[in-house]
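Look for chain A in each of the two complexes below; its partner is chain B in the first and chain C in the second.
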Partner chain A sequence: MSQMDAAGASSTTIEPIRVKQRFSPGRFIGEIAVEIFSFVMNTIEIVVGPLQRLIGLERMPYFFLLPNMLIFGIFVLFPMVLNFFYAFTGGTELFLRDRPYVGSANLARLFDCQNFLNPNSCNQDIFWRAIRNSVTYVAFDVGGIVIFALITALILNRNIRGRGFFRSVFFYPVLLSPVVIGLIWKWVIQTDGILNGMLNLFGGDPIDFRRSAAWMRFWVVFVSVWAQMGFYTLILLAGLQSIPRELYEAGEIDGTTKLRGFWHITLPLLKPTMLVVLVLSLIRAVQVFDHVFVLTGGGPGSATTFIVQYIFDTGFSNQIKQFGLAAAASLVLGSVLLVLTLMQLRVGNRGDDAA
Partner chain B sequence: MSKMRWLNIVVVLMMVLVGAVAVQAQDDVVELRMTWYSDGNEGEVMRDLLDRFEAENPDIVVVIDEVAYSTGILENLPIQLAAGEGPDIARVTDLGGLSEYYLDIGPLVEDPQYYEDNFGPFLTWLRPPGNTDGIFGIQNQLTVTGPFINRTLFEQAGVEVPSDVSDEVTWEEWAEAASAVAEATGTTAMAMDRSGHRLAGPAISLGAQYFDADGNPVIAGDEGFRSMAQLMIDWHENGIMSPEIWVGNAGQYAAANEQFVNGELVFYMSGSWQIGQFDNLIGDAFDWEAVPNPCGPGGCTGMPGGAATVAINQTEHPEEVARVIDFLAAEENLREFHERTLFIPAHAGIASSGLDFQTDNPLAAAALNQFSLAATQLSPIAVDLQAYPFNRVVFDSTRDRLTQAIVGELTLDEAIERMQQDIDEALAAVSE
Partner chain C sequence: MTEFLTRKRGRSGWDVTDTLSYIYLILGTFIMFGPVLWLVLSSFKTPQALVEFPPKLLPTAQQTIEVEGFDEPLLLFDVPMPGGTVRRMARTRRIGLEWHFIDPANPTEEPLVIDTREVSGIEAVRSVALALNNYTEPLERFNFLRFLRNSVVVTVTATAITLIINSMAAFALSKYQFRGRNLIFVIIIATLMIPISVILVPVFLVIVEVGWKDNLLGVIIPGAATPTGVFLLRQYMLTIPDELIDSARIDGASEWRIYWQVILPLAAPAMAVLAIFSVMWRWNDFLWPLIVLSRNELFTLQLGLNSFQGELNIQWHFVLAMTVLTLLPITLVFAILQRFITTGIATTGMK
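Take a look at the complex of A and B:
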């Protein structure tokens, strides 16, 4: 067979078939992109190749992490270290080298309190009002987010008509900037705003929301839940969809009611996801500032002033900028966030172990 | 070498040459940055003046960086200056508070005596403590705080305007009359800008001293201040004062312009800088007017204030900065600035010779006259408070702590105690 082939090949020449290709702009751009990509990769290879030989393959991940770590170091780690040193200085100078060392005086001022439950008895009463406001806010905000995100996820997990549309609707506010969110709701709830206009339309009396501490505390929580719920709904939805359907089918065969199924199948299996939602929303709630600052400015009085606003006002907004005191308050906030982050890591690790 | 090739070489060389010349020409032009904010049309007027300056001085370009007053001027500018990243020129209202960053252009301007003769008392507002002869900029807006009323609402309600029958109307009389008008017309009786500066004029009229014998700011024990603070609390409790402004906002300045412009407000305590805006926005929709400052045991005073255009000492081009300010300070240019912006002049020569304000609206002209008169009736305490370099510490604390008293977070005594503490702690930080 091979001899015949060889004889045939020697006796006849086979002309390659030429297919006349038409010019395609997409193909042309693709080819150029491939050329550029190859060029970039070859250029990188000039550096990376010898480096890999020098430090070894197992150390290469650190090289790839370096740019990110550099940015993290400059914009996160360095300011944190700087903040630590600022917390132990006084005066009003901006640069650390010009600021006098005052030891723990700033922290002592913050914690100079006769009764921590009564801000009026504290040297820095606004700081303690901010702490009290933050604790209340965190409780309602996180509670609201977890409950409403769970309810929404449960509904969206069902086979309802327009499910994709509703998922988008609930997620849309997550895409908005907090400043825009604050402005939109400010227009809604101001005395001559949309909400009072509607109340008026239906014969009700307008409500002076912005004058009432209780109402404004409600609105900052409501707006936060409205704005963030979509994000956490998606996480919970992913958690719900990972629960095997067989468990529900087995439950149904055994005559389990839907409520019982929710308590004994859904909730236990959703617990790791809910813990993630809880910790993430907790961290965000402690850091709350932007949408509240736009919506209420911290008022009425100091009813919606939270820790970050206290830091901002002390360090930047006032004529005499007390960077040291603001940095000390940041340390306190940082400590709280550290504890919450450790909680988050622990929750994450537990989830990994369980997996 | 072919002709074509030679042509190519010549073209390339010419392009390089043109580029080099352009770069060189650009190097010869000094670019100055001016940080500016606008309440009305002053940004446009300033741009027109600077365009003219640039035409006369082709070696200087002035770029105006327009910023928001609250965040740009009050919050960011001081940080920029402290970091050494300030502009060359800035429009500021914290006149003495930023004085350590001002450039003394006295040795650089053509005629320093012109500044002394015409801006004399206002130059001291810009000087840092201990400096007695520096020229740091020009006060090109003099403001005086005072009330506006909606006369049409008074007429509709059939209530007599108190200042029509008496030269010295008290705050209580105004509150009573405004309440009667508000009740009859379904509007809000009174509003005051959310500002310690706005509060200070009425407080001084009620006898507030603000300073002790040594010149230190003192609020605790100041009965005049306490009287005014109590009035504010009562007015909010009784619904006389609009809650939108002091209670509805926190931590920052807020104005009641919109309410007044919309004809929803009877009496509005603000200041002369509103005239241009009211002229534009209200027009002849209703009759508005500026009335004399209400009176009390301490007189019938408003607070002076305003904005200055200052040279910043971080500039790399001090001579060019001085040339710009010299141009803006020239009487004919400054006159045009005031006539077009409807700002009251601080320039003695212009003030004494009078201005032809560019408005056809007799209401605006009357308001300008009223505030010009008010500028001559200021209490010395008001002038001293405005000249005090750390007056914003006093203003901000009185504003925020009084709000806490209004909403019931603090009693008035506790609020006054906290005001004093805020002031003492801030001043202690300065001296650390």
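Take a look at the complex of A and C:
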């Protein structure tokens, strides 16, 4: 590595090659942006140039890391440690110095259950309901996403007319905000909404979806699959397109049927991608909050209250703010995510091996 | 059914699997776009049209007519006559179930009195009409423009900060050998999947201590140092040859100049992907702003929408119009950058 002294660095600027071009507003804005960017960067250079001479080239990487690490440390790493302090202190005060140490009382309260399968027997019955709801939600949500994303990807991988269009159609909801998604569907499944209107057209009786726990559990999953499947379809599509065509051609020469081709060529080679989809959707399903909050508010009753909403309610939304309990519940959620992340890392490694 | 599952090869001809595929795709298009289309159509309906059941597809309104001698415009109806004909008449009075009609062309005529229990088939005359004040009224009456401004401020500032500090960190992690590099990288990988929902309480404390509660900075800064961004940029910068940096150093360029004049332009594709993601994250962010911002004038669009829909009597005609305005920018960006976004996601596998 060259250890050139940086003194006199400012004398060498790289001159851009200028080509005469017709005026266009887009390029004009672009050029202004570049000018501003260069101006800012050159201004910073006035400070950073001498700094490099002061601390030396070997310490420059620390300078480059500093802003990121500062924010990361203050707003991510430090809070991760603080979370334990909250989990082991009680009261409703936010500031740690005002909070009495209560040991594992918060965790004990969360796990204070006569029978873990019956939320009604628990001190924090809503927590256990939230866990139970989350488990069913995760199972159906991940299942739905994997199945529909796979079917869609397989179809879009064929010689279909308008492939680009259909790919965009299935992807479009991915970009919408969860609040907008929640509102769209809240409007569609209104008691006097379009869905009941269509039911009415075919002679059915209108259904009061918003009052039925079973229906709202269904809609929460349905809307999540609707909103996310396009994203996973794209990942699976990329996986499918990396399977060499020659394998199918060789199979055809050997007289392999298409179903066998699917089972013995497509599925095994798609497995690493499928695992990525599985784990990613799993991690996101465990943390579900936004669209459910808008669509159902956790109801009816607590039928669609999930873990993050329990944390939000206990710590921020309810009248009595039980930060300790919320932090303890965060610990539980955090450990679940940790396990899933470790799984993902192992899956990722295996995926690399297979590739 | 079996062929339906397998990829179609270079064989021409139409078979049953093609039909099934197209049926699936067209049905899928209907389910994916239908609700959004319905939202847009509904957003142009008047409050009266919105509560109609079964709902009409197009935004319509009952036609009214100005008739001499009456202050208010009168509602138009098609009234069946005893002889089997239908006359178009304006309703002048409504006394319980007894409705009074006149012929708008002949207003001085004796009004026709009809008991609606006896005559069935009186139909309102409707025509397509866009209730544009669903859009204009919230702009005046509510803080909608304020929410929009807040959302833009948060999205633009946060994205700029994210791009700069993450690319600086990625540059350090990909192009230098230094002590602690592996440790920092492992920490970043380990926190890749730790969402803010796991540390809500302590981050909230930090925000309160720093004095950023009810301050847009409290929304902008905590998420700026995203491990995902550092990871994505680092992986990309690893592919930039070190010789470029060495030769720039020989030419006497400082490290800062190497960063912004050599590395950043070459990392532009990865920066663009991160920029798009950051805009999406920030524009759509909900849970964290919900906790940090409690004053109405600081709300972002998402919080504003949520607060309107949380009211006891939801004013759907306003909520729908504002929802359309909220999804409009993202839709436009998608329409323009569609190919770029879809390939960007397919190759990086993140969102």
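What we mean here is this: the second predicted complex is superposed on the first by the 283 of 355 C-alpha atoms of A that agree within 3 Å, B and C clash if a C-alpha of one lies under 4 Å from a C-alpha of the other, contacts with A are read in each partner's own complex, and residues count from 1 in each chain.
Please note the rule applied: a contact is a pair of C-beta atoms (placed from the backbone, for glycine too) under 8 Å apart; a residue touches a chain by one contact, two chains touch by 3 or more.
All figures in this text were calculated on a predicted structure; none of them were measured in a lab.
Engineer: According to the stated criteria, A:A303 is in contact with first (chain B), second (chain C), both, or neither; which is it?
Structural biologist: In the superposition, A:A303 contacts chain B only.
Engineer: Spot which of chain B and chain C makes contact with more residues of chain A, would you?
Structural biologist: Chain A has more residues touched by C than by the other partner.
Engineer: Between chain B (first) and chain C (second), which, if any, makes contact with A:L94: first, second, both or neither?
Structural biologist: So A:L94 meets both chain B and chain C here.
Engineer: When the two structures are overlaid on chain A, which partner does A:F202 contact: first (chain B), second (chain C), both, or neither?
Structural biologist: A:F202 contacts neither chain B nor chain C.
Engineer: Does chain B (first) or chain C (second) touch A:F316, or do both, or does neither?
Structural biologist: both
Engineer: Once chain A of both complexes is superposed, is A:G334 in touch with chain B (first), chain C (second), both, or neither?
Structural biologist: second
Engineer: Where on chain A do chain B and chain C both make contact?
Structural biologist: Common to the two interfaces on chain A: residues 94, 297, 316.
Engineer: Under the touch definition given earlier, write down the residues of chain A that touch chain C in their complex.
Structural biologist: Residues in contact with chain C: 1-2, 4, 6-14, 41, 44-45, 48-49, 52, 57-62, 64-65, 67-69, 71-72, 74-83, 85-86, 94-96, 151-152, 154-155, 157-160, 164, 166-180, 183-188, 192-194, 196-197, 200-201, 206, 226, 230-231, 234-235, 237-238, 240, 245, 248-249, 252, 257-259, 261-262, 266, 276, 280, 283, 287, 289-290, 293-294, 297, 308, 311-312, 315-316, 323, 326-327, 330, 333-334, 337, 340-341, 344-345.
Engineer: Which residues of chain A touch chain B in their complex?
Structural biologist: By the definition above, chain A touches chain B via 90-94, 100, 102, 120, 123, 125, 129, 190-191, 208, 210-211, 213, 296-305, 309, 313, 316-322.
Engineer: Once bound in the complex, which stretches of chain C touch chain A?
Structural biologist: Touch list, chain C to chain A: 2-3, 5-10, 17-18, 21-22, 24-25, 28-29, 31-33, 35-36, 38-39, 42, 51-55, 164-166, 168-169, 171-173, 176, 178, 181, 184, 187-195, 197-206, 208-209, 221-225, 227, 230, 246, 249-257, 259-261, 280, 283-284, 286-287, 290-291, 302, 305-306, 309-310, 316, 319-320, 323, 326-327, 330-331, 333-334, 338-339, 341-342, 345-347, 349, 351.
Engineer: Please name which positions on chain B make contact with chain A in the complex.
Structural biologist: Residues in contact with chain A: 74-75, 78-79, 82-83, 94, 97, 243-244, 247-252, 390, 392-393, 396, 403-404, 406-410, 414, 418, 421, 425-427, 429-430, 432.
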